[in-house]
Amino acid sequence: MGELMSEHVVSTKVYIGIWAALMVLTAVTVGAAFIDLGAFNPVVALAIAAVKATLVVLFFMHIYYEHQRIVWAWVGAGFFWLIILLTLSLTDYGTRGFLGVAGR
Amino acid sequence: MHVSQATNTQHAAETEHVLLHHFGDLEQQRQSATLGMWVFLITEIMFFGGLFAGYMIYRLAFFNAFAAGSNTLDLRLGAINTAVLIASSLTMALAVHAAQIGARKKTVLYLLGTIVLGLVFLGIKVVEYADKFEHHHVPGQYFEFQEPVSLAHGEQAQGEHAQSRIDPRHAELFFGFYFAMTGMHALHMIIGVGILAVLTFLAWRGRYGPQYHTPVHNVGLYWHFVDIVWIFLFPLLYLISRHG
Amino acid sequence: MWDNLPLWPERAATFSGRVDALYIFLLAITGAVTLLVWLLIFYFVIKYRHTKHPKAHPVEGSLPLEITWSIVPLFMFMIFFGWGAWIYFLESRPPRDAMDVYIVGKQWMWKAQHPTGQREINELHVPAGRDVRLTMISQDVIHSFFIPAFRIKTDVLPGRYTTQWFHATKPGTYHLYCAEYCGTSHSGMIGRVVVMEPRDFENWLAGGAGEGSLAGTGQKLFQDLGCATCHRMDTAGRGPNLMGVYGKPVLFEDGRTQTADDNYIRESILNPNAKVVAGFKPIMPTFQGIVSEDQLLSLVAFIKSLQSPQNAPVSGRPPVPNTTSPSGAMQQNPGGANR
Amino acid sequence: MATVTHAIETRNYLNSDYGLKSWLLTTDHKRIAILYLVTITAFFFIGGFFAMLIRLELLTPAGDLVQADTYNKLFTMHGIMMIFFFLIPSVPAVLGNFLVPMMVGAKDLAFPKINLLSWYLLVLGGLLTLFSIVAGGVDTGWTFYTPFSTTFSNTYVTGAALGIFVAGFSSILTGLNFIVTVHRMRAPGLTWGRLPLFIWANYATAIIQILGTPVLAITIVLVALERAFHIGIFDPNLGGDPLLFQHLFWFYSHPAVYIMILPSMGVISEIIPCFSRKRIFGYHFVALSSVAIAVFGFLVWAHHMFVAGMSVYAAIIFSFLSYSVAVPSAIKVFNWTSTMYRGSIYYHTPMLYALGFIGLFTIGGVTGLFLASLGMDVHVHDTYFVVAHFHYIMVGGAIMGYLGGLHFWWPKITGRMYPEAWGKIAAATVFVGFNLTFFPQFVVGYLGMPRRYYQYVSEYQVLNVLSTAGASILAVGYLIPMIYFLWSLRYGAPAPANPWNAVGLEWMTPSPPPTYNFETTPVVTWEAYDYRKMPAIEEAPVAR
């Protein structure tokens, strides 16, 4: 609690650094899309997007400096629930037709 | 968690008009607001999550159609818009910083910058949408889809009975998602710009300072969240199978 | 009186007994637990009523008890799960040599087509003692094909085949319901399933028909639509040879494989170039909007019947594929009808 | 700040201000709770009216009372009204709104204006939905299955869907308010291990509201877009998959069942210790089982789709996961029952509802085990067995809990006692009427009677007549409290601050409470449900 309140004032240099990183990553993701990586094209694209999103969440959105652990927990829960939605939907779509019986 | 007694009295006068009756102190109020905003943003994750789930399933099922649809999008405009939005996130972050240190003029300027960048984004989006209307890429009655030449596999295209490999209905699904996802995103942007306008006015009136700038911070969180959605939308929509 | 108040549905298929056994087991276990809870409530409420027991005795919890009443139910649940999943798995896998019947649902009626050509509306005649596989599709909204006496039910979807099967054991007439809400006359989308002695069923089959077998209809359509021009019964065709393709894995151009089931055949007719067989070119036009669901089913039945002679189809006359008439006009429909 | 509100003893939130504006623009959580109470009671009786027409139609096998289309609209509107506009707001928005701040020792919820906004959103959503009823109704069933709802139904689907969309935001904002309040507004000393179980239950509910409701919202948006522009996401004619709708819909709508039942479980966890005069058995297990239900509740949605044409393997996975959510429910039932062991039990009306809740929820819960078992579900899916099962959970469970809680806290909310004898009569009537209505439906469901049938084969008639007879009794059972609650507002005996000698911060302030709940912020130094030093319950006066 060095500050007036527990809120952290982030240096503008950090912001500009993050912005530069985001711009570079945007260029990288566009570049990577033109290289044939087979099945890994979407993986790379999403990985870069995830890194960018993490940078935004941690620094622009101040989660890195957040003292309330519960905020961390809720942010984690949000992404975790999204993964529940995606993966459990895929248990259906990913295994359709495995049995070789129409519609099963 | 509790502000020390000395600080409390020191800022008592400044505190009184912003502290709501049911909170014990400003710190509690600020933390509540931050937590509340984050929980709200979690609902937004799940809101877009439903779209992402549908998109993922159909993209896996109809990859060719999605790739063909994606290749008709203007990558340059998409990339420029990504840069514009990231820049607007930077100005937003700087606006929050300015409010925290009590630089009123800077706060207003950065907020205005954010609004302008947001409007630029929306303007480019309008250009893109107009292009879709022109090419009948809007799902519905008038939808048409011709497979772009690059994908139509040269030698086969020369065959007398060459058929499109793409079911236009599946390309229509891609554009359905394109409009649903970017439309929802744009709607969030429009709401964001509106809120920013009010916020800029209040900042100009000197409402925010080191003691109290929760609205600036929370609107910032919202704006960054909208940025994050775009960070995912850009590769998902614009960058399918761009090579070869 | 009891005619008007049946308390147990009839058991008329092999699954009926299996499901009933599970039901009785579940009733017994859960009934016992429910009874225990109710009796305990009554016992405590009476024994410890405040007039007789004015001072509560502090009992705050018990870890062994908590563990017991977590683990024991979980163990029972796993039995419920395993038993139910086993029945479901049996219900999901029709025997290979099951007799086929094709069902088309539409608002608000059921159409059944037998491989021999008989068509029925809101009725389904089947022999007792035979495995019967239903391949089902809807022309409009989602329906659900439900025969309570057989304890089976599966949704009938638009755009995709679903399958279920049964083995009727008891001749008689049973209810047939649509179980998925489908609009105004949902409750009118009912019919009857007539289970007949095999001999009676043969007679019934002999009586109706007239239009030739379903596979025969499909074969005729196969010629009329010009399919035979490319899908020749040798290796020289521009499309794959379809002899014996049903039920086998198919290798696609992009390296993926898929078993050629009813849905694959349907998709290949309606959206032929989504999955192109390795070694062939994406030149087939779509038949979207050209063939009806009924016709699609007859085409599927025909392609199913194209098996090598030693395991000839169990139903219908094995058709002799006609490879000598390239006369069928090639019906090119570039683009086809989109809807 | 605390010095001003010294005035008169009887100054409370009800008489602190008068006039319509003081209610419609209030930010006091207690007044907003009253607004909710009035609103959802209206919705409840509208939904109940539809239910009565449904039961009357089913008195005879033939369709003779209303048209088939009308019947379809009736069960659709019954479902929509009861689920989205009564059950989901019921306990959280009325009792939760009133009690959450008081139970944590706060002056109000964290965001009072947002709290008022969420009431307006519910009203707006309700009006939109009512408008679509008046304009012609909706006939899709509350489940809105595609492609029927998107392509084939020509009723007011979009209007009703929009109403639900708006009401969804009401639910989200209520949940958000509770979460922040529980985290940031607890009185000093009120640790998580000392929180009332009602708070735990509402917190768990809020988790579901936050994480589930947005998925319903986007699904509704997609249905509306599909109706308006034919974008084809759920339309098989465009290559879309109708099962995707079901996945997204049930991702919310299965956990939504826990939105309805969890808060009622919280109510029961308050009532039983009070009328047994002892601490709840296994506090931590009851508390954590609420959270477990909220979390596991999200892993089981596709058990609504076992016969829908889903992959067999997915069905097996979801069947397995479905049993995971049954364990914490069982833990609760056993702990409530054990709480009464060696207690000192009073038979007041709230306790009767709580006992009824345990009994009926047990039946509803164990029949859920039937439905989670794949082979069983194939037969009973979409039959009256399912209808009976979820009414045992939602009416036998959620509404019993809501009524129990309403009686329990009525003296606190209004400052008046309800007539105890009538309360007992009503509770017994509800219990008998409920069982007569819904138990026969298990039997008729196993016989094979599909749900949403306007006419049915004659052999099911006897059971349907029993059910309709039960529904009439149930209707009377619901009208009696409505009457005596209104009566008590004028003629009921003034309630003391703590008529049940219950523990909990809400009982340590006058009835009705002052606007800011507490004169000074309480400091909690005791564990929850510490009834050891509380005196016995005195016979409360019934009327002046």
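So that you can tell them apart, the chains are marked A, B, C and D in the order they are listed, and the count of residues begins at 1 in each.
Operating definition for what follows: a contact is a pair of C-beta atoms (placed from the backbone, for glycine too) under 8 Å apart; a residue touches a chain by one contact, two chains touch by 3 or more.
Just so it is clear, the structure is predicted and the values come from calculations on it, not from any experiment.
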Requested in this report: Please indicate which chain is farthest from subunit B, where distance is taken between mean Cα coordinates of the chains.
Outcome: C
Report task. Starting from the mean Cα coordinates of subunit A and subunit C, work out the distance between those two points in Å. Result -> 41
Report task. Round to the nearest whole Å and give the separation of the Cα centres of subunit B and subunit C. Result -> 45
Query raised in the report: What whole-Å value do you get for the distance between subunit C and subunit D if each is reduced to the mean of its CA atoms?
Result: 37
Query - Multi-partner residues of subunit A (each touching 2 or more other chains) - result: 68, 70, 74, 77-78, 81, 85, 89, 93, 97, 99, 103-104
Report task. Check each residue of subunit D and list the ones that touch at least two other chains. Result -> 179, 183, 211, 215, 237, 239, 243-244, 247, 251, 309, 312
Query - Residues of subunit C whose C-beta touches two or more other chains - result: 92, 154, 157, 160, 162, 271
Query raised in the report: Line, ring, star, complete or other: which describes how these chains touch one another?
Result: complete
Query - subunit C-touching residues of subunit D, taken from the complex the two chains share - result: 63, 68-69, 72, 139-141, 143, 145, 147-148, 151-153, 236-237, 239, 242-243, 276-279, 281-285, 306-309, 312, 315-316, 319-320, 323, 326-327, 330-331, 333-335, 337-338, 340-347, 355, 358-359, 362-363, 366-367, 369-370, 372-379, 381-383, 443, 446-448, 450-459, 461-463, 531-532, 536-537
**Report entry** Complex contacts: residues of subunit C adjacent to subunit D
**Finding:** 3-9, 18-19, 22-23, 26, 30, 33-34, 37-38, 40-41, 44-45, 48-50, 53-62, 65-66, 69-70, 73-74, 77-78, 80-81, 83-89, 91-92, 107, 140-142, 144, 146, 148-149, 151-155, 157-160, 162, 175, 177-188, 190, 271, 339
Query raised in the report: For the complex, which residues does subunit A have touching subunit C?
Result: 97, 99-104
Query - Touch list for subunit C against partner subunit B, complex - result: 271-274, 276, 281-286, 332, 334-335, 338
Query raised in the report: Can you list the residues on subunit B that touch subunit A in the complex?
Result: 1, 3, 7, 26-27, 30-31, 34-35, 38-39, 41-42, 45-46, 49-50, 52-53, 56-57, 60-61, 75, 79, 82-83, 86-87, 89-90, 92-94, 97, 100-101, 210-211, 217, 220-221, 224-225, 227-228, 231-232, 234-236, 239-244
